[in-house]
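Multiple structures are listed underneath, in structure tokens.
Both of the next two complexes hold subunit A, though its partner changes from subunit B to subunit C.
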Partner chain A sequence: MFSRNALRAFRAQPKVHRVHAARALATAAESVPAPVAVPGEAPAPTPARSQWKKPVDNKRGEKDIVQTAVILNRSPTLSRTATAFERAYYSYQSRIQRALYNPLPTEFYFKPGSLLEGIFMKEENERERKAFGRPNLNPNFYKKEKAVELLPGQEEPPKLMPRITEADKKKDIKSLDRKGERNLYLLIQGKDEAGENVWRLPQSDVTETEVLYDAVQRELRSPYGFGMDTWVVSRKPVGVWRPTLPQDSADTRRFLFFYKAHILAGQVRPDGKSILDFAWLTKEEIEPRVDQYYWSGVKDMLSDF
Partner chain B sequence: MSAAPAALKNTVKTAAQSAGRVAKAAQRTRWRQILERRAKALTPRNPLKRDEYGMPIPHVNVIVRDTAQPRLADHYFNTVRDDIMYMSYTHTPASTKPQRSIRPTYDPEDPYVKHRYNPPIGGHMAWTRKPMSPVTFDSVVELERIQLHTMVKETLASRSHLLGAIMAFRAISGESQYAGGQRTTEGVQIVRGKSQIQGWVRKGIPLGVKVDLKGPKMYEFLATLTEFVFPRLRDFNGLQMPRPGASLQTASAASGVVSFGLPASAMSLFPQIEYNLDSYPKSYGMHIHFITNAQGEGAQNRVRALLSGFQIPFVRV
Partner chain C sequence: MSTPLLTLRAAKPQLTFRAAQQSVRHAASHGAFKEQAVSDPKVETIRRTLYPSNLRNRESPTGGWRPNVGRRLQRAIPSVQAHETIERAWFLHKRHIRRARQAEIERKFKCMEEAMETLYGLDTRLYLEANVEEDPRQKSQLEIDTLKALKGAERRAVDSRVRGLFPRELRVPTDTPPKDGWNHEWSPLTRPLS
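Entry: the complex of A and B
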């Protein structure tokens, strides 16, 4: 009975290709939503060989223009500043934690009556008071800058580095020290197809004998990129844009493949020939600088944060 | 003539005074009411019940949530996750041969076996041969928990030898049972013997301790490991990887867990311990397991890629 029914169950299923729960980033949107597997149901049968789609002709035509672009990223170097709501939430949770937790077994960590124990208890009292207040607490108590008295044996507390750097103050868009909390992307000024100066991501043409990844590496090792240590995240592109430009004939196909890379050290050295200028910018800062048509192809690959 | 207006004046004055007094009294009453209401709001109507130690039991179950944003979690969600997705993404054009679907053990249409556990055919190790599910933006490999584990041999003689290891694990992990009112936080647990081995282990006797780290504490531990322990560890080049041609279909390669051991000498490198190393009876080595959501053929390699995003080095021997 089993074998008879099992075969029938599998044959009855409609043709189902792959199971994709959601669309992956950097892929084209499907017009028909992919079927989702329901746990417990019979898996979709493998379609017969004749039912697969015929391979698309992927050969590069004579009039095809294939290019690669590099999304060269400087990742955030500082942790994000919490919003006012987050700060209030964390401080509230910290107070609950302080109220609920077992007290520290000081006799395990300090010799009874030692100097370090005294310092710790003093600091702990301060923290306790700061969290819960005390009777008749003067509201300006913690606003006053109190001179820190160092006890013998106590080290000077370390000073925090400023989160706003010189580059931020001077609005130096070429510096990699700017906007530590944000993702920065390299934008360069070069000549476009029509010979005009435009701002865009670094890009290069792919020759007939080259694979895409090699074109990216060639671009990153060009004279202006030679001063940088970079790491290209994957050998596969993260996205593609197929623009139609006014100067193209009807049968010209343009492909611009995007690769993500990180800068690890160094800086761009503009040579004045292939690139005229460069800038390290956040997503919002890129938009006004680039062509709107170009922006429509690029914006979804950049991080909002 | 003159007396009457004076009297009138007096009367008027007294009326004005009394009106003022009444207004002041009303104001005082209002203030008293406000203060009383405030005092009422501050004092609970019924005194809180007390537990066996005399501590008040709150009206609600108080649960401590995150008290800060973990830095490495931010790093994962902002940088590492995108990169891992791009690295592990497999492009499947329409012409790709679809994955072979494996039929379940029992016919799902058969009403007689409707509620029976119905795994795919291929035996109990079939999951190691199953390819990993395709990468999408919401199925990128992610760290679920880190488990620390140590066995203390002296416990076989006397179980009090476990106390030092328990204290060290509590200091390193910062976890305790039901900490912050969280039911699922198990804290440091005692590991007991599973089987009877003649002359060595008996079933059920305490052998060691383990602790599971999840959430912010997990990321804090990871930061401690890569910033304080690894840089100061002697003769440490990185975690060892298997030889290049090793099978990807073994249980260890497919279960999405990366494990390694730290020697006893590494315990003093944890800042929570090095402060008062003398308080511990001895140093303990430990096994560390990084447990993730990845599963399937070659999942361990993907976890290695994830961990290297947190600056954990790997070397091939």
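Entry: the complex of A and C
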């Protein structure tokens, strides 16, 4: 397949000799130059993998509008909550395990009659009672704060933060602390080509000389993205949307390539000019805000949970 | 038989070939010869734990004799049929989750395939550039030249983020959120030491 050598060979050739470079990509048997994509025709049917060895030299036409968008994802920071069925099943299984366990040789692990043994036996009896009682489906039942007596020299156990954060309670859609279990995606409100305010994923044009990956990087380093530590997963796009918008002429083709990136730290800093507003939303929260046609092209690239 | 022979027979010691059933009497517990400081009590505890007595009066921690497992299981599970129903319900639940995840992955993959094939048909240069394999061990000439010019925090920032590798800041999900929450005030000018 295409290798770095092929790319180097391709890049090294000046424009005049591009045909010869195309031949460099050919296999021994193939020597027929491929037809160049003519703007205005219907797009060629997607080639099967066996045809990729044919020499091709496609170039984006002047009427083609090539843009990139970035799916900026904040991955889940919290583990998933177990459903009621899962919790019941886990407590059922732990009860069975308790029944099958060999007894612990406490005289080996603890000095007989010591304080530590007393604490351990008390906790063990508590666990035994919990296991063989009814499985309680209320997850908060066992989380009641109990006065824990500390042994001399023992540190206080660390205070754990609640899973439902302040941002969840206030429903602050700009905060990245909200919905720790879910995947959050960045949605930007900006002006589209018609001049209307639309909510969509961050988008930018690709100039003639640059590559799609560079366009994505440039977008993420723009003034609003400067305060975010991001990582683009791959040089390859994860999706494409080929819309036919009413304002386009018949021979204009639009390509919107999507790239996947992660945000590791920081926040969006809207400048109020190109970026009017932003939000960090889950998949089902994005759907009512965006255009339906846009959503139909984008929804399969996002994670459900 | 005559009684002398019977008494002789009774007096003969009973040979048993079930050596494992011989009762293990630990040295210190044997009747008349109880010596107080035979060995270090810790060593004694370890010996008793590794070789527990096989007198059948207590459950063995090594699992040699567990008579009450049946009774405990009966208390743990409602019935065999109920247990099997619960297991089947669980596998069904797992199957639903697996199928949903598989379907999501297939949809995403189809999107990726469609994107690459569209790019192939659109522009060869863009397609080839997208397919470039990034080797984290090799730096391109441009990167080497840029690195020479950088100093201090900027250089550390560029060094820490290796092209083609995952960044170390990608966090594994935890049960509870961090104490300070998300760092909304991150700035590229104050990167931590790599």
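Assume the second predicted complex is superposed on the first by the 218 of 305 C-alpha atoms of A that agree within 3 Å, B and C clash if a C-alpha of one lies under 4 Å from a C-alpha of the other, contacts with A are read in each partner's own complex, and residues count from 1 in each chain.
Going forward, a residue touches a chain if its C-beta (ideal position, glycine included) is under 8 Å from a C-beta of that chain, and two chains touch if they have at least 3 such contacts.
What you are looking at is a predicted structure, and each value in this text was computed from that prediction instead of being measured.
Trainee: Applying the touch criterion given at the start, work out whether A:165 contacts subunit B, subunit C, both or neither, answering first, second, both or neither.
Mentor: second
Trainee: Based on the superposed arrangement, let me know which partner A:211 touches: subunit B (first), subunit C (second), both, or neither?
Mentor: second
Trainee: With both complexes superposed on chain A, which partner does A:183 reach: first (subunit B), second (subunit C), both or neither?
Mentor: Touch partner of A:183: subunit B, not subunit C.
Trainee: Looking at A:229 after the superposition, I want to know if it touches subunit B, subunit C, both of them or none. Which is it: first, second, both, neither?
Mentor: second
Trainee: Applying the touch criterion given at the start, work out whether A:79 contacts subunit B, subunit C, both or neither, answering first, second, both or neither.
Mentor: Both partners, subunit B and subunit C.
Trainee: Per the overlay, which chain contacts more subunit A residues, subunit B or subunit C?
Mentor: C
Trainee: Between subunit B and subunit C, whom does A:304 touch in the aligned arrangement: first, second, both, or neither?
Mentor: second
Trainee: Given the touch rule stated above, what does A:238 touch, subunit B (first), subunit C (second), both, or neither?
Mentor: After superposing on A, A:238 lies in contact with both subunit B and subunit C.
Trainee: So, A:90: does it touch subunit B (first), subunit C (second), both, or neither?
Mentor: Once the two structures are laid over each other on A, A:90 reaches subunit B alone.
Trainee: Once the complexes are superposed, what residues of subunit A are shared between the subunit B interface and the subunit C interface?
Mentor: The overlap between the subunit B and subunit C interfaces on subunit A comprises residues 2, 6, 10, 43-44, 46-47, 52, 56, 75-76, 79, 86, 89, 96, 100, 102, 108, 236, 238, 262, 303.
Trainee: Within the complex, which stretch of subunit A touches subunit B?
Mentor: 1-2, 5-6, 8-10, 17-18, 20-26, 40-47, 52-56, 75-76, 79-80, 82, 86, 89-90, 93-94, 96-97, 100-102, 108-109, 183, 233-234, 236, 238, 260, 262, 303, 305
Trainee: Given the complex with subunit C, which residues does subunit A contribute to the contact?
Mentor: Result: residues 2, 4, 6-7, 10, 37, 43-44, 46-47, 52, 56-60, 64, 66, 75-79, 85-86, 89, 92, 95-96, 98-100, 102-105, 107-108, 132, 160-163, 165, 167, 175-177, 180-181, 211-213, 226-229, 231, 235-240, 242, 255, 257-258, 262, 264-267, 300-301, 303-304 of subunit A touch subunit C.
Trainee: Flag every residue of subunit B that touches subunit A in the complex, lowest number first.
Mentor: 62, 64-69, 71, 74-75, 78-79, 82-83, 85-87, 89, 91-95, 97-104, 106-110, 118, 120, 134-139, 167, 176, 179-181, 275-276, 279
Trainee: Using the touch definition from the top, list the residues of subunit C that touch subunit A in their complex.
Mentor: 45-46, 48-49, 52, 59-63, 66, 69, 72-73, 75-77, 86, 89-90, 93, 100, 104, 107-108, 110-112, 114-134, 161, 166-167, 169-171, 173-179, 181-188
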